[in-house]
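You will see chain A twice below: alongside chain B first, and alongside chain C after that.
Right, the complex of A and B next:
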């Protein structure tokens, strides 16, 4: 069997933001992400999640000032000498505040914006717009103003605009922090669907650990610019003491396992359950 | 005792487009209650709380704050009684330093200078803002800036705090701090309403939930009752906290509310009980 090749690889990456920052925003990052992975990026504000994500599409080091060391390879291309517009075809980005990304008069124009800069023809654009709006469930809203949409719809429009460039990787930075519960559900399920059906690689920074435990196959924990944990949700969340020491939340069913053991109420073996379904199975004899 | 907020058959219709945003809402909120207000965008929750700060007046029905009909009252007159903290602190901060920001509210209410300084000191201590005092609010990171937003209302000493999504955009450490602050506000005698979707806030911090859907209050009950009501949860697109879902799945008696837990602590207490019963 041939060894699987990573689609994203960080080799000893350290980045200092410009303006004389002594402390790097990320340091000594070594990381391999494979095609079809759904990666949850966890960490406190300031842990380096956004910086790491901006390295994936080459905005760092090409558009953001600072000192960059190491190498980031995405689909075989070194981000250092690949133009950002070429990277944009491989990596779609969605940020936490959709209003910052939206600028056009209509939903259709919003999606066309990125495609125009990549030289798509008119017919291709029309076809793609219909297709991506369908994927995110905004069909028929082509002529609406992006600013009249709900927060969840705006965020799905940002996803549609990213998808129009036909990326292989979708990077999302706390995409649900400004939307209501329906919006959250919509965004998580669109991302899961793209991951499952199109084998798209998803890298999502998100605070909701229970949701991430259910969707992601890889969880990465960052702290002060470094990666401290990297593994399956079960492996990572079983490091209960470290995660709590960092000030991060655990899925509640995982915390429950740890404390049952501590209080000698049961003896739950690692890896601990992290999702509701696995917890129901593991705990059904305890109550 | 007179409820601090009394809503009698409140209807609100926005003049543009004749949209009924609130329909037949009646409720009482007592002094010292800590309440969660939930519902989708467009369900009417913002319209409801805007009546408490006087930004909106009833189309039909009445709203009383501390026994007083809000109808003739101006926003400024209510500001001493009801404080509103925006979800986005940028919507309320404008001064050059945190210190000035904190002075602004009470100065505006005509509080004597000495007392203003006293209140500013209290707020700085209460919210832990010692190191930020002389900084420009926009030089402060979002999580702390949001605390500054709360502190500017605190110095006005309102009886009622309305907090719009107080934990969104915060990481776990600041979120835990916000939970402690909310409880402390209540312990100091304030009435606190949190418009929020943060499930941990709703399950572990608030005592009572108002659930809005399609312009109506469809449930007014304890979090335990709300989270165990499948129909309400599904129709509002909310999922109970993971540990609550676990208890709902594992409980043997589907009608026993005591077996629905709201926190890991409660789940452990329940596990302890069943452990002891087995030993007997």
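Right, the complex of A and C next:
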């Protein structure tokens, strides 16, 4: 049986931002991500999540100045030698501030922008726009100005614009940071749907640990540019002391399990449950 | 984004001018521009302005047009006042009246009226084009005739950035007011500039990364989502515009008898009344503008 090949591979990647920064934004990153993975990137601000994500489509090192060491291979292509516009066909990017990603006069034109650059035919564009608007739930808003949409709608439009390029990987950098609770739920469910139904590889930097524990199959914890933990949500969140020491939140059910153990009220074995459903399953025997 | 209004933007409608392809409209506008810059003849400029006004009424954009014209016209009136006392004409000047310590010159009155009509003719035609065409259609048409798409994008982005920056200015001014700082006037605007422009730079940086991530700048064949087609009538209007404005421009350039600056005379009463009305019109506008700014 052949070994499963990663679609994204970081090999000893270190990056220093320009301007004489002595401290690297990310250092010695070795990471393999496989097709269909839903990866949650956790870490405080400045942990290196955004820098790591920008390496995936080659914005680092091709567009952002700095010193780059190592290799990032995406679907067999070295991002160092591949223009970002080429990588755009494989990697869709969604950033934290939706308004800063929009530039066109209408929703339809915003989605078409990337396709126009790649020379899609008119019919293909119309078909794709209908399809991606359907996926993100913005049907009927084709002629609206992107700047007249709510924060959640704008972010879903950014996702639609990324999806229109038919990427195999969707990278999202704190996509819900400027969005209200309803908008957050919409974005999480769109990402989960793409991962589940289209087998799209999703890499999402996010602070909502409960949601990440429910959707992601891989959780990566970063701190000061390094990957400290990498594994399934259960494996990662069971490192309760370390995660708390880093100042990160844990899923409430995980924290609850840990407190029960600490207070000798129960003896819950690691890995701890990370979602409500898994907790109910585990505690059925105790209760 | 509420409360943000771009004063010059498309006014939806279904007139023949609205339905027309933007290219003939652009050609006519540039033709009128060339004609206006080629002559000082007030009859030619007046006719161009009058036809522009007819198109404004016909395409039912009158109220939107007036919102801009009511700002532009009083400001342009200063041309009459200034030109009448210091004409942009070679000396000698013919004195026809006195206005306080200033002499009013024949050539100045002519020049003032001519410049005012030139500005009004050009802006009226430009506004007909802008207010009856979807911006995306204009940019798509320009792209079709070979305008680089990066330049097109710059134009689209500039149009988008104006209301965004207006909005951000409003937010910063409100923040200043809430901290008991001055919230209106020049003294309030100056400190707002730094956060607004720093924010704009950050926005542009983020946008450039986002665009690059969407293959913007790709070197291959490009396509266009917006479909703007040229009908036979569009070709006809375009040819008519080319011939009409081209011939008119040629005519005003070669026919020296059209320079009426020396032959056209104004009575002293007319000259003084005109200068006085123009000055009062401008001052009334300034007073209204200051009052509006203070009450904001």
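Throughout what follows, the second predicted complex is superposed on the first by the 283 of 287 C-alpha atoms of A that agree within 3 Å, B and C clash if a C-alpha of one lies under 4 Å from a C-alpha of the other, contacts with A are read in each partner's own complex, and residues count from 1 in each chain.
One rule holds in what follows: contacts are C-beta pairs under 8 Å (C-beta built on N, C-alpha and C of every residue); 3 or more make two chains touch, one makes a residue touch a chain.
Being a predicted model, the structure only gives us computed values, none of them experimental.
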item: First, second, both or neither for A:105, with chain B first and chain C second; value: second
item: Partner chain(s) touched by A:122 [first = chain B, second = chain C, both, neither]; value: second
item: First (chain B), second (chain C), both or neither touched by A:113; value: second
item: First, second, both or neither for A:89, with chain B first and chain C second; value: second
item: Which of chain B and chain C A:65 touches, first, second, both or neither; value: neither
item: Set of chain A residues, in rising order, touched by both chain B and chain C; value: none
item: Complex interface listing, chain A residues touching chain B; value: 43-46, 96, 150-151, 174, 177-178, 180-185, 207, 210, 247-249, 251-253, 255-256, 259-260, 263, 265-266, 276, 279-280, 283-284, 286-287
item: Complex contact set, residues of chain B against chain A; value: 40-42, 141-143, 168-174, 197, 236-239, 241-243, 245-247, 249-252, 259, 264, 267-268, 270-272, 274-275
item: Chain A to chain C touching residues, read off their complex; value: 54, 57, 59, 63-64, 84-86, 88-89, 91-93, 95, 97, 99-101, 103-106, 108-109, 112-122, 125, 129, 147-148, 158, 161-162, 165
item: For the chain C and chain A complex, residues of the former touching the latter; value: 1, 134-136, 153, 156-157, 159-160, 163-164, 202-203, 206-227
